[in-house]
């Protein structure tokens, strides 16, 4: 029997999700969406997926929230009344969506007799790698190709974002609007939180091998800290042509790729780790990835190079 | 390789190599003469290669199978003559425009296709050359660049594509019906008469080739095209390229086995065209348009002959039809040149054009001793002795009428021209063709029909050949005396429906555009995505 | 299937979020709201992975780690998508001054007509 | 799974085709614009060589090449597998990308000595990412791994659309991205359902495990529709015309020739390999119906366009339709892989890839040379740039299906299949589509080669080398026409033995 807590949580998620969808003002919709993300993290905890809960909170809600808030701040002036949409089409779309939901719900209500799971085989071989966290095992041992490709996706998406800069500004500074008021709470936070945040980020990555956490979550926290500092105007946004920035972006993928290729020479197989060295190598990958992910996420949020934003 | 095989390959290879030369050569002054020379191997093949010579080209050349048979040989030879003659004519008349690059290229391409269809023996090869001859000719039609030529080109290419489409379907059906991996036309034709796919295949064949030879109501492109293309182009189009359809019918219809139903259909279609062409033709005043309608009529006659052969299983039909078509290649091509020559001839020497033209013209009615007479005599056997033979005689009378009308209009058009350019060389070409038109059919008759030409000179035969001509002359006299009683019909007659069809198509296009705009709205496309998803789920439950 | 257990509740939630996300994506005219809707749709999809993972609890684990790892990868990819979409939207506003996706404004297409 | 293949040197080819372009991108970021030209000069030939070598190995061995990444067998690990169709796709991709790269060299060269420029840096990074993503799609065996590859492809394709940065192109890019993302999410939902039901996402294993049941149907529908959004099959084509018409010519060529085929390839994988049981349903007929609608609708729309690039883009909408005729025709055949439709479908894909790449490049050259691409004002331009219009014409003939061209062989095979299977309706659609294609091709050629009232002038000179590149691609489309008219053996390498043998 489902607990009252779960039922309440699900109802809240749905209500907040619907609120975010139907809210009149885009700004409110985004604020509500951030709350929605946090509620979702709770759901992940209830589903015994703490790694995902952390990721959802850090990236799905946190960094995405920053991104959207930044966007809505820029869009304010154009937040005109939405064009009246054709209600008959809306009703039809609503009916179709309901049908899709119903067919999915039908599947949920009739689960397979014998639940399928790769958990036993994951655990069976996890010992060889020396990792304690099965999710990290899947990410960096069994399905490391996915993870590697996904890093490429992240970097490529950043190039894609940068590509939207006007020709003359390529390599210039992204125009992040620093918070205008000096000595505000934000400045205070930007001075005090980052040291703690950076510690948390590093800790998350460090325990990631054995406990919930890892490069993604740690990187997201680092990104959030850096953005906070930049928004407060305490640190300058680096120009996208900066050599250090570029190196920071790629160091993770490069190390990952290099260790993968190293596997060819040492074990004969791409992305295989030599016996006994799996854990240190994975930690090396994760360490560099944490940096790269942090920098990449932050650069995603600050956007393409633009003319200085003057308010 | 025997000489015959070498010649057979050279028939296509030489024009193709010339084509490449013309494409790559910077100076075109030298390449123009190649227009003439490139057709010579085809003539040599027709003269010296034996029927039955077969060459299978390697895979790298599409595994084409080239093969020479009697109908192919007749048509190839006559077409080669015409291409040589008109090539020379074109070179002369285009002096000073040698650097007009596209013309020689399309000329050579069309010529290659025109020769190819006569000697190729496999399905895909036939389709390839048929396409080549049909589509390349588009550029010859629009070469002049004037608005009527553009319009004619558009109509021409529309019908050409339509005919391609029908033929593609027909050929695929034939290939499927053949079952084994042979793509030989011979095997396909053998298989089709017993295949369940016979009827659709026959329908598509008749449609596809019917468009090519201008069977009514697919004839509308002919008057437009022949009237607006340049003289040499009109000559090869009306003489040589249109025979791609004739050889197609000869090759692909299963003769030898009586195939009633289809035979009668084709005969009926043919005679409708034969008379329709004359009826509309006599209302025209432009000699080129008249010749075009005469082509509609003549091709209808050939279709009727083939139809009768199909219905009766008469195995002489292919050779007889090809024989008649051979006559038509030279006669019709020649008359177009005559129009060109006439326009440039001085008034006092006009008889040098009109007199030979009269000889050719009377041939269309089968007047004794003309080339047309023996050609008409050759198709008697497939037509039989019954009502159909009578119809053929009437059509001969009608043709005479039409062609006399042509002669008159030719003269009339001539008198308006005040040009005095010497056209001695062109006249020579034209006269050479006239000689061929008269002499060749008589010379070749015994070999083709396996009978002596003397039969055609018997009194009975002579009389039968003469009276339709006399009737034609009589009718011409009556019509000529009468004040203008004939209605004015625009060239292309039912092409006037085009504007109606056009507005219909335009409305359809407008509607499509509106629908597209609607479908590409975000909310519509999104909803459709869900519809497709649900439909797909539903479809998985069907047919389980 | 007598008991409506916790996993099923979350599964239903995932199904509902998918429908909600698609609906928002279709009917919300503003691009930023569409981006938001895609994120809601995505969260529904991810939640479905979570439900499947939870069902596969075995070997002493609370859930099958394979789908959980996939969700982590998926979240990162979804973030990249969001970032790119937002950047495109901001660029669109910068060059056109308005944020609409509807095809009415496709001037380059209509120019020649 | 042949585990013996995991450590073979040949297996490393599969890894190399994935990571070589990625190495290029990382090097671009690390070394910056100064070395951009050198990086391209190194990466493109290397990747081409590796792709060609992979094909050579697969074709000479006559069996698929398999690589188990990290040594972990599926379902836990991820396998890469190159069978006949992946090898062929890789080769076609390599040829077209390299040709387009040579074409784009002039436009997107990083000026030496100057600071890093935007367009070259972005263009080359995107092309490399596209290449890697496409190879990942062709080799992938794991549906989630394929999802990541699919996203990589989308994120590389979208910025290519708006590389010029105009309002219309940015809007087109955003529409493309949002619609593609919707598709991605549906696809991902499907993978979740499949994993939940069968505990694996490996295509080979799935084929053994799937049952004809509700979850399979729903997952298949979601994944298929998700992929259709990226393939832009009618009526989900809303984003394609403005996106493909708005990109720079080299980008359009790759987008039209290859990118939409990437997601199509995955649909084939799903229907023929992962869930062959779908062949026993009405699903293939539905897909083909949409394809038929695309052919008719797209062709009419192409005929109506006034701008050359839009015409070519709508032609893509139409030509995509032909690909889907393969589903009912090949799946109905007793032996899908030896059927005419299977070969015909793939040949249609390859020849369209060559023809459309050539056509977009030609259209780009025309627009460059004349300063506009209004079809009505092309009068006589063919005489100014004969080679370019020849390219357009040759490619067009392949689209119409005129012999000898790949398009003709493809249509012949598809027509034969539909006649032999008694599915006449598709034959009619193919033929009508060819007619309409003839209409829009001759509309352009007719204008270009006949003198207009006011002759166009060359605004910008166009280099002969770019013309030659476009022309070679068109010649490639024609050369495919020398393919014999029979089922191709190379496309049968590594196919499952008998269709649906494991599905009751």
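Think of it as A, B, C and D in the order they're written, each chain with its own count starting at 1.
Following the convention adopted for this analysis, contacts are C-beta pairs under 8 Å (C-beta built on N, C-alpha and C of every residue); 3 or more make two chains touch, one makes a residue touch a chain.
Keep in mind it's a predicted model, so treat the numbers as computed, not measured.
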Selected pair, greater C-beta contact count between B-D and A-B: B-D
Chain whose averaged C-alpha position falls nearest the assembly-wide average: D
Taking each chain's C-alpha mean as its centre, the one farthest from chain C: B
Geometric centre distance via CA averages, chain B-chain A, whole Å: 71
Length of the line joining the C-alpha centres of chain B and chain D, rounded to whole Å: 41
Centroid distance [mean C-alpha coordinates] between chain C and chain A, Å: 13
Distance from chain D to chain C - Cα centre to Cα centre, in angstrom: 26
Touching two or more other chains - residue numbers and ranges from chain C: 18, 21-22, 25-27, 29, 35, 48, 51, 55-56, 66, 70, 73, 77, 80-81, 84, 88-89, 91, 101-103
Residues of chain D engaged with two or more neighbouring chains: 76, 144, 148, 151, 155, 158-159, 162, 165, 170, 175, 182, 189, 193, 195-196, 199, 218, 238, 241
Two or more partner chains touched - positions in chain A: 85, 89-90, 93, 97, 100, 103-104, 110-111, 116-118, 122, 142-143, 146, 150, 153, 156-157, 160, 164
Of chain B, residues touching chain C in the complex: 517, 520-523, 526-527, 530
Touching residues (chain side chain A, partner chain D) in the complex: 103-104, 106-107, 110-112, 116-118, 121-122, 125, 141-146, 149-150, 152-153, 155-157, 159-160, 162-167, 170-171, 241, 243, 246-247, 249-250, 253-254, 257, 260-261, 263-264, 267-272
In the complex, chain D residues that touch chain C: 76, 144, 147-148, 151, 154-155, 158-159, 162, 165-168, 170-171, 173-175, 177-178, 181-182, 184-185, 188-189, 192-193, 195-196, 199, 238, 241-242, 245-246, 306-307, 310, 374, 376
Sites on chain C touched by chain B in the complex: 22, 25-27, 29, 101-103
Residues of chain D defined as touching chain A within the complex: 6-7, 12, 15, 19, 22-23, 25-26, 29-30, 32, 67-72, 75-78, 115-119, 121-122, 125-126, 129, 132, 136, 142, 144-145, 148-149, 151-152, 155-156, 158-159, 162-163, 165, 170, 189, 193, 195-200, 214-215, 218
